[in-house]
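The following pair of complexes shares a single chain, chain A, combined with chain B in the former and chain C in the latter.
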Partner chain A sequence: MNEPADTVGSLYPTLIVLLPLLGFLVNGLAGRKLASETVSGIIGSGAVGISFLLSLLVLVDLTGRPAESRAYTVTLFEWIAAGGLAVNAAFQVDQLSVMMMLIITGVGFLIHVYSIGYMHGDPAFWRFFAYLNLFIFMMLVLVMADNFLLMFLGWEGVGLCSYLLIGFWHTRKFDTGGYPRGAATTPDAARKAFVVNRIGDVGFLVAMFMLFDATGTLDFGDVFTQAPARFTSGEPLIVAITLLLFLGATGKSAQIPLYIWLPDAMAGPTPVSALIHAATMVTAGIYMVARCSVLFVLAPVTMEVVAIVGIATAFFAATMGLVQTDIKKILAYSTVSQLGYMFAGLGVGAFTAGLFHVMTHAFFKALLFLGAGAVIHALHDEQDVTKMGGLKKFMPGTYRTQLIAALAIAGVPPLAGFFSKDEILWKTFSEGSVVIWGLGWLTAGLTAFYMFRMMTLVFEGEPRFGHDKHPHEAPATMLIPLVVLAVLSAAGGFLGIPHALGGGNILETWLEPVFERSSRILPPSTHGSLATEYVLMALSVGIGLAGVILARKLYVSRRDVVDRFATRFSSLYALLFNKYYIDEVLDAVVVRPVKVGSQRLLWKWIDAGIIDGTVNGCAHALTALSTVARKIQTGNVSNYGLAILIGISLLLGFIIAGWNG
Partner chain B sequence: MTVESLLILVLALPAAGALSVLLLGRSSVAVVKGVGLAFSLAAFAASLAVAFAFDPSAAGFQMVSRYPWVDTLAISFHVGIDGMSLLLILLTTFMTPIALLASWNSIEKRVKEYVIMMLLLEAGILGVFTALDIFLFYIFWEAMLIPMYFIIGIWGGSNRVYAAVKFFLYTMTGSLLMLVAIIWLGYQGPLQVGQSFTTDLVKLYEVGPLLPAQVQLWMFLAFTLSFAIKVPLFPLHTWLPDAHVEAPTAGSVMLAAVLLKMGTYGFLRFSVPLFPAATLACIPWLSALAVIGIVYGALVSMVQTDIKKLVAYSSVSHLGFVVLGIFALTEESVQGGVLQMVNHGLSTGALFLLVGMMYERRHTREIAEFGGLARVVPVLAVFFMIVSLSSIGLPGLNGFVGEFLILVGAYASPYLSVWFAIISSTGIIFAAIYLLWMYQRVFLGENLNPKNGSLKDLSTREVFVLVPVVFLIVWIGVFPGTFLKLSGRSTQELVNAFRRATSGVSADAVPSSGVGAESAPRPLTPPVR
Partner chain C sequence: MPPGTPLEYYLILSAVMFVTGAAGVILRRNAIVIFMSIELMLNSVNLTLVAYAHHLADHAGQILVFFVMAIAAAEAAIGLAIVIALFRNKQTVQVDEINVMKW
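Our next item is the complex of A and B:
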């Protein structure tokens, strides 16, 4: 893994990570005094922009090397060492981490620039950029770490930034849409995100204990080299390790059962939703599973769980997305659903396909969120799609970019989403099962439908917002990132054109060495026939288009059908709108019992009642005893004298007997 | 100046400071405080010099001095340090000037006595961490009770007398049993090898493990009970919330940061090395209490309405981690435990400093009285956030390093089922819940209480108090090696000695690699459980 150090090889990766940290420190410590949006914005965006350029140079450097030496490690210092444990602060550069670095810094840079416009006038402008830079730093640590523990630092670090940024406007209330009705504030949402993520993080932690116990190291290189010999396929220990790692992934990447925090996370400013809760942080779970692919393929049971949880999440989240009225909630459920696709891909062993979708999704989902932000901005913080409409003519630039993004996510060829989603669907069919493919196929239809329901409600028809609002096109700092992302959403798929369509699948070839070891363990690919692949491709394009057309038809001209449907099936509607009441159930089954139990049983009963009661009881008993004993203290000197005499004699006797004997 | 006298200087400076303040006569309050602070800073400087003179690669005790004291009983003034005690000495001398500076304005009555008590407290604690004679240790152990009792009882809150007496009696109960055990050990131990009464710890290290298992068990229990009360280990913890709530800020800081560590230090210095067979027998029980403490402390902390009580219960949880690390008895876990003592001292010490600063402004610690403070006192809010994150165990800050080493070591420990580590890991979820929930209710949202509207943000003095602590919180998170290296050799010796001593006792103990094999590699395959 270790390459001779040269400037590009060793210095650039370090700079890529440290520049955003520097940006955080400058804005965080001096931002208030600088008191200049321009300076804070330039520092924040500039740090990430330079990181992006350096990442490009690293990519160029890698492509210039022979395929087998495209992975190396840059060690900074020894981080934690005790007993047999030795963990370095060391970064790993390889095909996979470079891809993630480019997504993070590239999309991150665009969102930083966008934020200069979006956050204009906010009193804590500087703090926003400080947090964003800290996030980029942590995310880079996560994907560049060369060992589990450093990855965990990034892993929890991005969770912290997510917490800080969801609650950025901490005095604001936000509408949870469901539970608890109207009572929540942004800090509630932030805390929920942090705590739910921590539940997953404990899984990650325990998996690390097991790995260290089993292999004596936490370095990726050592663990993955040892793993095939150390674990027999499917043995309970490796199943436990991978399931626990996957628990961590379900937290960070909002999968069943830990997805509940992501919809609430929309309480944060929209650029945050775009960067953290769509394009980058939530894909950390996918990255982690892909990075640990060797471990996962050694546990076929876990792979099945990953595939099933992924596809189930994709489907259920899409159903919830159908009925939401908050534009950001629609996008949030869409994100959960798309992440589910990625896990389904990983679960059937299609690691490259999953990562391909990570990339294209980063483009079009960031674009959708930023577009939503432009709309929200134009309508003075209105997020309800039923109160929008007709924005096409007010914001033509935004509309066009959004259309590209929506078509991309709906899987319309030749946009990026088509290639990546189709790749996953094809693999679920050829390597997985018909059921998984079928659910994925249905979800594709639902996706197209809810996305064009949103597009229609926002941009088509007559305006439904108040006359006091005068929507306007977004300023250049916001519009330019939209355009760049639109180009990427349109063209990004060409990196992965499948062989069936005569493409070279550049990405697959690029990432092949990363998954070489795991592909040797996986059962050989079944390679379905070319004809089947074409049929399935046609089917998924078909259901996508059907969704698009149906949504437009219903929401442009036949709203009455929608309304009748909603009344007829009001309980189903409520079930979906309230995310299957999972928050209510969790509150009743877990949160409340723990709180009440801690308060009444542990604190009042055991702590104050039993333990302190015993202590105080003993004290009172002693007091009572002393009251009796006090009677000996007669105040009569001769009585005291006698007592002293007896005492001294006993003591002397004891000493003489003791010392001599 | 020899290195030995350097250590003596560290011990003498606080006591000399107390004496100087006493002799000051009718000086102004500022002079009294200034002299006190100067001596405590001098002690810190001297302890830094000790740290630089310390050789982390050398075995055994260093900078040992020995002066005959009670000749007839062979008791001597015998002091010295190893890596573990060095870290705690540094923590003590670091926190004392901070505590003094923090209470600069809040102590208004009997300032002179207060400064004397603080310096005597420091002297007593330093004695505890350096004593190599168990009788001398006992003297210091008891002596530091007195200044602490007065600090709570005189400068404390409204219910201070109850709290002070409870603190005193709780700890006295344990210490008396320990005294009996010390005398018994002084007789019984040397008898094994035909020597006469001794309280010399270095000699007792040789003979303690030779005692019959039954005798070891009773002595172990007597020592350990006393230490467990001080830690405090569940269910002996109920003196702690009362003591904290009633103690003045500086008292709470010293109590949390340093005093509690005397208990965990006692485990490392006495319980484990003197009575390995008994330790082995008691590991599951003590570890179970530690794990219960971790979860129980966190849950009870979550439902507190008083911030100081919340922090006090969180200590029960955090110290549970330390105890688990010590009794898991792997190099990783003990290193983690020792580092976590320092971490807890910094983080919880800083939390008490911050709560104290809030109390000085609002004269309440009820969470419900606050809200939206981040807008009013942004600097205080930032400090509180960083310190909370450290206490939560966020990677990159100090708390994580200690907790991770403890848990990874406990999981791999040949003496414990893996469930101890797994259940303890849930503690980090609860820590996030109780601290962030409290933070939210105090600092975030709209400020609805007009009494909070005009609060002043931190003064320069207060920032000056907090910055060194926060600096260390970050430093240990990023470069824990600075401190792990100091204690590495000592913890390794402790674990190796324990393995050697118990290798014949229990079938599932790790086979000894023989005397002299200082760095027996940890077995890489999981032991049979």
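Our next item is the complex of A and C:
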């Protein structure tokens, strides 16, 4: 990797990362004293906004360079040097990380601005912005790190911020939707997210150990250069490493079986859901797999696992989304499902397609969440879609932006979601298998259906909320980000118009150098015929539109059909509503054994019995000994005098005996 | 010191004095008497020193006696001060009634 020679190259990347950290420090340390929403809001948003502008400058700088020198690293300092381990605090700037930086700071900035309106009046306004900035910082460290260890720092950091932000309203009750029985508190949801994430992190960590053992370095550049020579394709070691890395990705990116934290994470404030659980943090897993693409393509088994887990998650999450009544939960399952798509794309070797969907998804999912926030805000914290309805005339601006987002995620051309989703579907067909494509295709229909079920229930029909509520359009700080995101959701797809439609696929060309090494290892692309591509495109648009129309029809005019369906297939309905009981299953298989094992065996027996027993035993023995020994100390001077006399006599006796003998 | 008195006499006297003093320290309960017993022990040592100095015709022993006497005087001053302080606090000089010197 070359070192940059100019200020844009060396200074800007550092500033991009450090500004949000600075914002966090200012708001976190002085926010309470400032006691001003305006100041906290401007500092928080400003730090991220400037980072975004600098990222844009870096992008411009990169486009101005010849393609082969578009990747460089900026080394801040030597972080760890211990024996064979040398880790630098160094940031990597290349086509991939710039793209992620732009998404994180860009969408992040809009969400910051939105939060100024949404969190208005919250007593801990400053704390919220401090956490948001810390989160952006950690996420930037994650995507800009030039070695595994620094990436892991960011990886853990976003997990921490996610915990802090989900539990932000830590006094509120939160309905988990049946499990655990009754309502839990938001800290429970936060803890769940943290612990589930930790399970994935263990995979990441162990994979890192194994990589270091095999290659002797944690530096991305070195590892990826060595990997093709060090590992033969499909050897058990590389399969184990990539599977463990993927375990980490399933935790962070909410894939089966570790997706369970994401729906509960909706306990946090809505901007948090938009920022962390839709636009940025959950894409960390995708980014990591894409970054390590060289390792993954060396393990075809893992690639298959990634594709299968991805598409299965996409499908099952979509079915769960069909029956949810909490607006944020619908969106949460939708996020899980869309992330599944991305993994399916990565799994068949279409890294660019997966990342393209990361980008478009960031736009429309952030928009959907922020729109949902506006609706929740307008209805005074009402989240149940069955108690909404008819909001179209109260909130026309929000409605229009939401319509664009919903059409985009449903895959209606020419909005962003169409291009990215279609590219993934096409690649799963041409590089993967018909089964994966078929499930993806069905999921596209389900996506369109649940999305327009939500749209219809929220915005169409007669109002079903109480007369005491007077919904109003969102304030400007909230509406402007919605509009900007709507424009991006509409136009973002033009970055990746496929060749079949006469486009240049700018994004694919841009990212090509990043995946150059892995594409050489992958079997050559089969390039299905253009005709097939057109047919598939038509099919996916068809099922998307069908889903849209069916949902509108059912939920506007034929509610009776829906109700009859729900009673007729009540067991299926319950199965979906309870998320296939996977929480209960995990509880019985994992949580309970661990709990019981910890309590009975580890706590009561090993800890209290053996460890405490040893320590306490020593103490008891000493106490017993000293009760005897302290009888000697009478406190009487005469006794002491006698002792001294005897002592001296003995000593002298020995000395004299020594002289003579 | 009369001439012709053998060294052993002095040493025997000194030993008797020393043992008497030591027994006094251990057995008596009155702090003042204990104090006097300590002086007795010191003086027995002085006697030994002087006797040997004469016997060996070496003045170093006699000089040492002056040191011992000076320190004994200082010790007497401090010791009496302690006894007075003790009496003020406990209204007694009986050491067996003062058994605070333990844990």
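The criterion applied here is as follows: the second predicted complex is superposed on the first by the 603 of 661 C-alpha atoms of A that agree within 3 Å, B and C clash if a C-alpha of one lies under 4 Å from a C-alpha of the other, contacts with A are read in each partner's own complex, and residues count from 1 in each chain.
Convention: a contact is a pair of C-beta atoms (placed from the backbone, for glycine too) under 8 Å apart; a residue touches a chain by one contact, two chains touch by 3 or more.
Keep in mind the model is a prediction, meaning the values are calculated, not measured.
Residue contacts after overlaying the shared chain place A:Ala476 against neither chain B nor chain C. By the document's definition of touching, of the two partners only chain B reaches A:Thr185; chain C does not. With both structures placed on the common chain, the touch criterion links A:Asn636 to chain C but leaves chain B unconnected.
By the touch criterion stated above, A:Lys595 is placed in contact with chain B alone, chain C being left untouched. Look at A:Leu645: by the touch rule set out above, it reaches chain C but stays clear of chain B.
Counted by residues of chain A touched, the larger count belongs to B, out of chain B and chain C.
The interface of chain A with chain B does not overlap its interface with chain C at any residue. Note for the complex: chain B touches chain A at residues 166, 169-170, 235, 237-239, 296, 299-300, 302-304, 330-332, 335-336, 372, 374-375, 389, 394-396, 400-401, 404-405, 407-409, 411-412, 418, 421-422, 425-426, 428-429, 432-433, 436-437, 440, 444-446, 478-481, 484, 488, 492, 521-522, 524-526. Those residues of chain A that touch chain C in the shared complex are 630, 633-638, 640-642, 645. Residues 22, 25-27, 29, 34, 95-96, 98-103 of chain C are the ones touching chain A in the complex. Those residues of chain A lying in contact with chain B across their complex are 77-85, 149, 152-153, 155-157, 160, 163, 167, 170-171, 185, 187-188, 191, 194-195, 198-199, 201-202, 205-206, 208-210, 212-216, 594-595, 597-599, 602-603, 607, 611-612, 615, 619.
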